[in-house]
Structures are given as structure tokens and as C-alpha cells.
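Please read the structure below before turning to the comments.
Order as written gives the chain letters A, B, C, D, E, F, G and H; numbering starts at 1 within each chain.
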Amino acid sequence: MNDGSPPLTHDAAQETFALYGQAFSSRLLLGTARYPSPAKLADSVRRSGCEIVTVSLRRETAHAGEGQRFWELLRDLGVAVLPNTAGCRTVREAVTTAQMARELFDTSWIKLEVIANDDTLQPDVFQLVEAANQLVDEGFDVFPYTTDDLSVAERLLEAGCQVLMPWGAPIGSGRGLANPYALRTMRYYFPDVPLIVDAGIGRPSHALAAMELGYDAIMLNTAVALADDPAEMAHAFAATIDAGRRAWRAGLMEERDMAVPSTPVAGTPFFGFPET
Amino acid sequence: MNDGSPPLTHDAAQETFALYGQAFSSRLLLGTARYPSPAKLADSVRRSGCEIVTVSLRRETAHAGEGQRFWELLRDLGVAVLPNTAGCRTVREAVTTAQMARELFDTSWIKLEVIANDDTLQPDVFQLVEAANQLVDEGFDVFPYTTDDLSVAERLLEAGCQVLMPWGAPIGSGRGLANPYALRTMRYYFPDVPLIVDAGIGRPSHALAAMELGYDAIMLNTAVALADDPAEMAHAFAATIDAGRRAWRAGLMEERDMAVPSTPVAGTPFFGFPET
Amino acid sequence: MNDGSPPLTHDAAQETFALYGQAFSSRLLLGTARYPSPAKLADSVRRSGCEIVTVSLRRETAHAGEGQRFWELLRDLGVAVLPNTAGCRTVREAVTTAQMARELFDTSWIKLEVIANDDTLQPDVFQLVEAANQLVDEGFDVFPYTTDDLSVAERLLEAGCQVLMPWGAPIGSGRGLANPYALRTMRYYFPDVPLIVDAGIGRPSHALAAMELGYDAIMLNTAVALADDPAEMAHAFAATIDAGRRAWRAGLMEERDMAVPSTPVAGTPFFGFPET
Amino acid sequence: MNDGSPPLTHDAAQETFALYGQAFSSRLLLGTARYPSPAKLADSVRRSGCEIVTVSLRRETAHAGEGQRFWELLRDLGVAVLPNTAGCRTVREAVTTAQMARELFDTSWIKLEVIANDDTLQPDVFQLVEAANQLVDEGFDVFPYTTDDLSVAERLLEAGCQVLMPWGAPIGSGRGLANPYALRTMRYYFPDVPLIVDAGIGRPSHALAAMELGYDAIMLNTAVALADDPAEMAHAFAATIDAGRRAWRAGLMEERDMAVPSTPVAGTPFFGFPET
Amino acid sequence: MQVTINGEARDVDAATLAELCDALGFGDARVATAVNGDFVSRTQRAERQLQADDRIEIVAPRQGG
Amino acid sequence: MQVTINGEARDVDAATLAELCDALGFGDARVATAVNGDFVSRTQRAERQLQADDRIEIVAPRQGG
Amino acid sequence: MQVTINGEARDVDAATLAELCDALGFGDARVATAVNGDFVSRTQRAERQLQADDRIEIVAPRQGG
Amino acid sequence: MQVTINGEARDVDAATLAELCDALGFGDARVATAVNGDFVSRTQRAERQLQADDRIEIVAPRQGG
């Protein structure tokens, strides 16, 4: 399927959305981990038209050069790079990791994760807010991985975050939106803040449900990386997310309890006669 | 949004699916009723790349010429036409309506609806099967609007139907898949029969949920026709349905109860030290 | 837990409901199969206050006397007996089984099951209606195991059935109400027909969901029989079902999108001061 | 219905559960607000067998004596009293309110609410933890109204709370469990901490869903107070919650994808013959 | 002779369905017809004699879902 | 004479269903019977002649759901 | 001297919180008190001097959820 | 002098972090560094003296989600 299949393109008339002053057309943020090969990763990024990828930093073995090769792959892809602090458990670990990432990837962007426990990988919301405050003070553009808690969200915005990344469900669980009601409330509560659902997206319908709630973008990784055909799945997600944005703007219908004929009733043949 | 925005195209490598021996690339079947204007309808068909539309027949007022104008619109769109028997309540009404439709639209295709009641517009499954038997005998290619009931489905197939159109939810309700479990069972039970979800689709995520179950195509009308921007919504549905097919083929991940890190744990900085 | 724990009783003021002219207080119908022992079955019936049990008939081995012993157990329990036609696949099998059951159990009641396939054990709705017609003509009081299909339900009522037993989900699946929307519609559509959810109930909350929809009673078996402590589970189901009826009559609140304080706002201390 | 209908009793063999060293049989905590009359409130408490009620304190008008009369009602009911800090928005308001409540109600128990906003009435988790720390230090037995966030829960336990009261959904919304997955995770994560779902319960099936997850108790108010017949609804909730506990202990079955006959297949009449 | 056309009572002179269609201006129009619940094809219209109280349906293509 | 009883081939001497039931020890037992798919009531058993290849069902009360 | 009692501005003569409670008829009532956001227990009321602009809360038991 | 590099105990001769990076072959590599939990930027490495028991992190770009 991949060969010859064109990448998803974004037509000229399409709206863009802004993250820390940069405009993007694609509303898919793609993780770069767990792909079968670097080639499959590159293919997935290209096929999806994705403009932002997340990356991490890990301990380097001397001479291995793995970091350098990955860096060159990123450069060739020509996408914006969003480093994360995955695996950090304390404010200090997260802040130091962010500082190292800024130097390594030459970007002030940081996807801030401070993890509370291994079972859910949920954010420790207290340390998250504290780390966000420190990093904003140091000039970072913080993308906080958070929950759907409004009291946490408000403190992150007060800290200076200009985007929020609430989780859909635990990272890698593929369960979709565990609490669509809370995510809907969050959208209403912060109508002007870019909101990106991060984590828990297992299939395109999960991403679409968030877009239909008016979310601005979707961050995912595992569902693409572990698909039998990652590039095809990346394309499917990207197309779905784009369609979700269009649908949201085009005006979704309300659901109804009773049926309503789509074909007009007026002029129905045989109407008015005893059953024939 | 409509102007300048290109129609959804289907790349060459894409699979097709067959209905009564005809191959189609688009998996969206679009109803033609309830649009703000014929121009919006035409725009929606074009923007979506839809290849099959449903139509009806209604009593004609002398000299009005409405039927002729609609016929010309259909001819210009160049799509396959699937007439329905909407509003019929008896076998005889449905059969006669099908016969009139065959002459009017010059097609042996018929979307067979025999309605049980006004509240749900659900099929009367007994009359549906009887009408299907008669129509197949008369050479029709029957597309039965049915439920997710397997014992009904088996009789429709025995009658000679080569496609099934189970409902998602009552027509025009926009509720999505009322019983995804039953639809999933139906897919497993009839792996080789073209299955099209018909009715009840209110938003792209509803259509996508059916495609992720492995359904072959989606029939809808109201959700597009009543959108603020029908053509944009038609495009959104078509793109979603296409993406759903791709995702299904690309291998959807299983959901899990617990979190799994996407970023690798190995090599995490600070690992092994007391919390810093 | 069983010892000393009193059976669920029904207070005098409580309403009853009627099935074929007989009034009952308990709205739990309990199956008798799959219990660890006859004693556990008897204990479950007693602890639950259940007044109707379902039974079957099976081929008898000479001299075994198993049927006689089961008959005596039923007699000792003093409950109404509802024989089923479980496993029947044709009208003729079901009718003959019903005739044998009438003689064996000395009752005109019959729980009519005509199964369409082994995967779902769903009713074959065509044969179900035909068998119901024959059995009503022969004087049976038919309890049809059916689906939530209104066109089938109408034919069963036309045949003379005075109660309907729609499935919640496949027998033994324990999935609860697969299509609560359809069951709700069915309740509205037939406000005066006794409706009993039969099959698919796995936990008390499933039974309760049906009672909150206004269903008259619940039929279940596996969830009790396979519990670690069947009698305790039978008690739990019976209490829940009784409570569900009370709640339905006491007036369930509507759900709301936004929060509403339960504690009054008026008179809140510190109100009107700057945040202290 | 109320007259003559006996209160729900708890049989001798039933387990109890402990809150700050006190043992209780009833697992329903009932709010006292929004009832049509004090008599209806008293009736609801008595009919439900409830052993703990929540109360508040509000500004007193001189000579009105409303507080004194309510106090006497509570004394007559003979139940444990759990004062709340409803409406408080800051740590200081909550702490002072708790101190006033301790003197007024002569109890060290306090249901700690620090509200983040009026739309959701969700806890402000940062101030909640800080207030919990202060109140535990002052010798209070704190019942924190919190979310399903594990990182918040851990800090509340570290502060010295011996019970957690996560919300089901916004107060007064009656939506049930907005995130059953998170509540289930919380139960697994804290197997030995008394967990009480507080807020959002609209119907008995909502309470039951929480009990089936293994929650220890349910706190609710509006669903009973605003029922057409509050005492009957209180009884229904109490019976359901009790049944939920029994069911959880008796061993809930797992749900399955496919059907499994409850009536044994072996010995089915007509088996092995061509369809008759 | 009185017949019912598309649900409305009408006095007509036509002896056949074809004549009726002509008289109503549907001669060449894209319409299909039924009489008393039975389909009458375009080619059969000339042979189809009308009788008093016949119920005639004349339908044309229309939007549908 | 060979018949099938509850799905198993058996050689029997009984001329009637009643005799067969007696021979099998079901004389007074709480059982119901069918032959070749048709119900045979307790009172009809004595009149019901058996033929070779008859398919006989003899059933008793059992647990059911 | 003007103070605020339960959100309303009032002129009062009382020198202490205890005197104020007596004057308002709350002498023996089941009420609790706070001044300027701080709890003042029943036993402290007599010692608690009031000042102009003090914000005083006097609360009693009430229904709650 | 013994230090911990990326979680492993190592004997090293380097006096500064820059020397250590050179010795390990990371001189020009795309790596970032921290000592005892604090970030040390590329330009600071030459000034950063090492001490026994220092915990040193040397990290590089990697895939992440």
C-alpha cells in the first residue's frame, strides 16, 4: 500500500492553528518510538503529513552513534521536534532533562511529563505544576502532559503554559477517551487555549471523538508504531483527524430520540389508501 | 471552504469493493434528501467523491417538471443511482414501488425498505424477507434495509440478496451504532457478504466505528444534508470512511488495562539513583 | 453468609404484577441450571424470595430417577414452574417439547425458545412467531424469548402472547443490556405488556438498568449459578431488582450537564469577602 | 408506600466497615439538603437504615432558631453526623469552617470540600491537600472530597486521611460514574483504604456500579431529596448498595463474547436427528 | 368518470392510462405509473383501460435517503 | 425390532409405547414421550403401536435456564 | 462602631464578641463564630475584643450534602 | 577516581567533564550532560571539575512518544 500512495496534503484554504506562535496545518503530533525500523518511522511521518514529532533523550553508549543517526533522520524529515521528559519522576529530573533537551535538539519546546506511578503513567499534578513554573521562568515553551482536571489546568496556564495536553487514557493503553464528559467540559472551560489530547488513543475513532469535541490536535504513538502497516495507519489517523476538524467546523447534527424520515413523506405513493 | 477545495480522490493502489458485480472505490453511499438546495447536494456529492447515491420516487404534479430536473442533476453527477422504497409499509407497496423505480431510473438496483412503524422507522422483518424474495425472483438486485438480526439476515441471503444494510440506529436519529456488539457479531458471522451500515449515523466517529468493525461501507444522509456546510461535511465523512478502511487493514491495536510507556524505559537518565 | 441470613421478604404494601392472570411479588425469575448442587439451588431460590423458576426437560436414563428427584425439589420449593424449550431449532421441535413439558410439569406455561444459531443462541424470529401461534392455539400460555425487534414483538402479541421476554445480550454472556436504547423504546412502545429481560444479565447493575427503564421483571441464571456463593448472589439480585422497581416508581432524577450544589449556597460563611 | 413499610435492616451476620475506628453496617451516606420537608428527610434516613448523614453550617439569623431545630432533628435520628465545608474556595475558609463545625456538631469528623469553580464544583486539588494537612495536624478526621487522581490521593493519604471520597461526576449532575475505568484503577491501587464515591450519583444503578467495583460506600443527596417519594428512593438506594456489597463478595461472573447455554446441551431431545 | 390520481379525486375522460397521461401533460415525461396498486409499465399504458374508481399513481424521480 | 431411543439404537420387543416404557422401567416414572417428533401423551401410550426405525424420545424434568 | 455581621454592615455597641452574641440573642444558641476569617471558640468569645470593620461570622447547623 | 557514568561505576582520569567526554569519544558527539542531577551545558564542560563519586549523565537524541 505504501508505494505510490501519495502523502496526505492540506489544501490551501485550510485553517492553521498556532502553538507558541508557530502555525501548523496538520493536527496530528506523532511519537517516534516503537516503530519496526527507522524507515517505517520516516515513511509514517511522510505519509501522514505530520508536522510535529515527539522525541526523547536517553543515555548514550560511547561510539554507538545512535543519537547522531536519529538526529539526521529528524533533520531529513524536516518536521518540528518536541522533546519529552518521559520517565521523569521528580521536578528536578524533569527540569534537568528539559535543559539537556534544549541543548541537544536546539529548541525551547518541551513536552513536560512528570510521572506519578508505573501502573497508569499518569502525571503527578503537583510536581507537574512546579516544574512548569520553573521551566517557563527559564524561557521554555512548555507542553504539559496533564489530566482533565480543571484546577490543575488553571495553574498550568497561570504558570505560563500556552497549550495543554490532557490525557485520553493511560499511555499505551489504547483505550480512547476514558472520560469524554470531562474533556468536553475542559473544552468549554478553555475555549481559546490550544488543547491536544495526548495518550491513550488506540484507533482513529478515538482521535475523531476528541476532534468532534473541538480539540485542536491529537498526539499519539503506539497505535501507529505497532500497527501491521505503520505508514498506512499514520495516514489513516491523519486523514481522520483532518476530517474531524472539518466536521466540527461544518456543524455536527444533534442526536434525537426518535426516527425522522430522510426521504420526504409528502408525495409518498399509495398514501391515503387502505393497506394494499 | 468549498471553493478551491479539491474533491477527495482515491489513489490508484486502493482496493475496491463490489456490489452486485460492480466495483467501487468510495465506501460512502450518500442520500440526496433534505439538502438546502440542489447545488449543495451536487457540491456534496462531488466533494465527497461518492459514487453511489440513493433516490426515491414521489407523486408528480403535472407540468412541474421537478422529477425531470432531478433526473438531469443525477445524470450530470455521473454516479450510480440506488432507488429506495422509503415509506412503504406492505410487501405489495414495496414491490410495486420497486417496479416503478426500475423503469424510472433504468436500474435493477433497489434499496428495499418496508417500515414497521413511524416511531423507529425500523424494518418490518417479516415483510422485508417476503418482498426480497419476490423482487429477487423478478430480477432485482436487492439492497435490504434490515436490522442486526442474524436470523433475518440469513433469510435475506437465502432469498438471493448479495448485500445487507443493517441499521445503526433509527433513521435520522443521528445516534450512531446503538448495538456495536451485535454489528460486530454480524461481521464475524458473514465475513464475505458486503455489509453496509444504513441509518442512524450522526457524526463521522459513528461511521468510523462501523468501519473499524470491518464493515464495507456506510450509507448516510441527514448528517450531511443538515450540516451548516453540507459539502464540507460530506468531505469529512468520505475522508473518515476511507481512513477507517485503511486503519482496519493496517491492523488496529488491542486495548490494554494498564499503561505501557511509548518512550523506551531503557536508558532513562537518572535511573537507579535516589530521587533527585 | 447463608446461615442465619433471612430471606428477602416483600412487604405487604408492595405492588404485585401479573403474568397470565397470576399475581407475583418477586420480579426475579431464576433459572435452575449450572448450580454446584441441588442444595445450593434450593438455597438460592429461598434466599432470593423468587416465586418463578425455569426448568427444562432432557432425555431420561432408565432407573436413574434424576427427573423424579428434581421434580420433588421443585415441589418442596413451592414456586411456579416455567418450562423452556431450550435447544430447539425448529417449530416442530419446540411445539413437541412444549407438549411434553405441559404433561410433565402440569402447567400450560411455556418459555418458548427457538434458537437460530449456536454462537449467539438468538431466537429465530420467524420460527418463534410461527411456534407461538401454534402453541397459543393449543392453549399454552407462551413466554416468548425474543429480541428487542418491535415488528417481531407485534406479531407475538397478535399471536396471543401476554408477555414478552426480550434478550439483554446472548445467553450466558453476562454482558448486560447490549442495546438499552432499543429496550427503552420497547418499553415506551408497549406500556401495558409485561416485559421481562431474559438472558445476558451478568451482574446486579445490569438487572437494575432494565428495572430503571421500567421493565417488569428479570430472568437470569448463570450469574447466580456460577457465583462463588450462589445464594448470596441470588439474594443480591433479588434485592436489587426489588429496589429498582421502587426507584422507578419513586421518580428518578434527570441527569444534568452542569453541577448543582446540594448544600444551599445561601448563607455560606465568608460569602462576599475577598478570598481569605 | 411509606406507611407500614419497614426500614431496611441489616442482618446480624453482615460485615461492617470502619471509618476512623467506628464500625458501620450501612454503606449509604446520605446528604440532608434539598428535601421537601424535615419530615421527609427524617423518613428517608429511617427508611434507608442510613447511619451517617452529612450536614453543613450556614449564617444564622437571630432568633430564627432554625439551627437549633435542625440540631434536634439530627439528635432524634441518632445517626453519626459528618459536617462539610461546602462552598469553601480557599484553604483558610475551609479550615475555619471545619473549626466552627467541630464546635457546633461536637465531632472531629469533617467532609473537606475546597471548590475550584462553580461549573463543575470539582475540588481544587492543591488547596484540598494543603487544607487536609492543616486539619489532620489539628486533630480532625478528614473525609476529603477529591477526584480519581492517584497523585492527589497519595498526598491525601500522606497527610493522614484514612478515607477517600472521589467524585463520580459533578455534584448534583446525576450522571453516574463519569470515569469508571479510573475508579476501578483507584480501587486496585488502594485496596485497603476505605473508598466512598461522593457526588454525581443519579440513580441506583450508578451506586451499584461503584459497589460492583469494590467501593466501600456511597455518599449521595440530590437523587433522594428530589425524588417524588424521597423515603422510597432512599430505601431503594440503601437496598441496592447493600446488595452491591453482597454481590461483590459473592463473586461476579466475567462477561464473555459468545453465548453459552444455561440449560445443559447434553440430553436435548431430538438431538442427532435431521431437522424435524 | 371519477378516478383517484395521486390521492386526489378527479373527473377524467381518458379511456386508457396512456390517454390519461397525455391529457395530464405527462406524455413524454419521466414518470412511472401504477393502477390499483399494480405497476403499469410505460409500454402497457396504451392497453390499460381505465374504470371508475381506479386509483392511479403517477410518480417521478425525487430526492431520497 | 430396532428402534432409536433417546438417540441410541436399541433392539426391543415391545409392541406399544406403553409396553416399551414398562420394559425400560419407566412405567410409573415422571417422563413424557414423543415418537418420530410427535408428542404421545401418557394416556395414548398404550394405543401407540411401535414400528421398526421409530425414533422415540423419553424425557424427564431437568434443570434449565 | 460599625462591623460586618454575616455579610451585613451593622452598628454595634458590644466591646467583645460575647457581648455581641448576647446582644443579638445568640447567648445560649447553638452557633459558632469567626472574626476576620479566624475561628473564635465559644470559650474565647468573652476575651475577643471587637474593632471597627471587623468581619464577624455567626453560623448554625444546617442541611448539607 | 571512581565516578558513575550513566548508572555504571567507572574509574576515570579526567579532571573536567570536557576531558571525560573526550576520553569517552564524545568530543564532538551530539550529547548533553548533567553532573549530580544538574545540567552542565556544552560550553561549561571545560570548567566543570570532576570529583570522586560524581554521578554523570551523558545523553543523546532518541525516539520518544
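Just so it is clear, contacts are C-beta pairs under 8 Å (C-beta built on N, C-alpha and C of every residue); 3 or more make two chains touch, one makes a residue touch a chain.
Since the structure is predicted, the reported quantities are computational estimates derived from the model, not experimental observations.
Asker: Quick one: how many steps at least from chain B to chain H, stepping chain to touching chain?
Answerer: 1
Asker: Taking each chain's centre as the mean of its CA atoms, which one is most distant from chain D?
Answerer: So the chain farthest away from chain D turns out to be E.
Asker: Report, in whole Å, the distance between the mean C-alpha point of chain C and the mean C-alpha point of chain D.
Answerer: Here the centre of chain D sits 29 Å away from the centre of chain C.
Asker: Distance from the CA centroid of chain D to that of chain G, rounded to the nearest Å?
Answerer: 34
Asker: So what's the Cα centroid distance for chain A and chain F, whole Å?
Answerer: Centre-to-centre distance between chain A and chain F: 70 Å.
Asker: Counting in whole Å, what is the centre-to-centre distance of chain A and chain E, each centre being its mean C-alpha position?
Answerer: Distance between chain centres: 61 Å.
Asker: So which bits of chain A are touching at least two other chains?
Answerer: 31, 33-34, 56-59, 84, 86, 92-93, 96, 100, 119-120, 122, 171-172, 175, 221-222, 225, 261-264, 267, 269-271, 276
Asker: If you look at chain E, which of its residues touch at least two other chains?
Answerer: 6-7, 34, 37, 57, 59, 62-65
Asker: Help me check something: in the complex, which residues belonging to chain B touch chain H?
Answerer: For this pair, the touching residues of chain B are 261-264, 267, 269-273, 276.
Asker: Contact residues on chain C for chain D in the complex?
Answerer: Spelled out, the residues of chain C in touch with chain D are 1, 3-6, 11-14, 31, 33-34, 56-59, 84, 86-90, 92-93, 96-97, 100, 118-122, 170-176, 202-205, 208-209, 212, 221-223, 225-230, 232-233, 235-237, 239-240, 242-244, 246-247, 249-271, 275-276.
Asker: In the complex, go through chain D and note every residue touching chain G.
Answerer: Within the complex, chain D touches chain G at residues 31-35, 41, 54-60, 62-63, 65-68, 70-71, 74, 83-84, 86, 92-93, 96, 99-101, 103-105, 171-172, 221-222, 225.
Asker: Per the contact definition, I'd like the list of chain H residues that touch chain B in the complex.
Answerer: Chain H reaches chain B through residues 6-7, 34, 36-37, 55, 57, 59, 62-65.
Asker: Write out the stretch or stretches of chain B touching chain C in their complex.
Answerer: Against chain C, chain B makes touches at 116-117, 119-120, 122-126, 129, 147, 149-152, 154-155, 169, 175, 178-179, 181-182, 185, 188-189.
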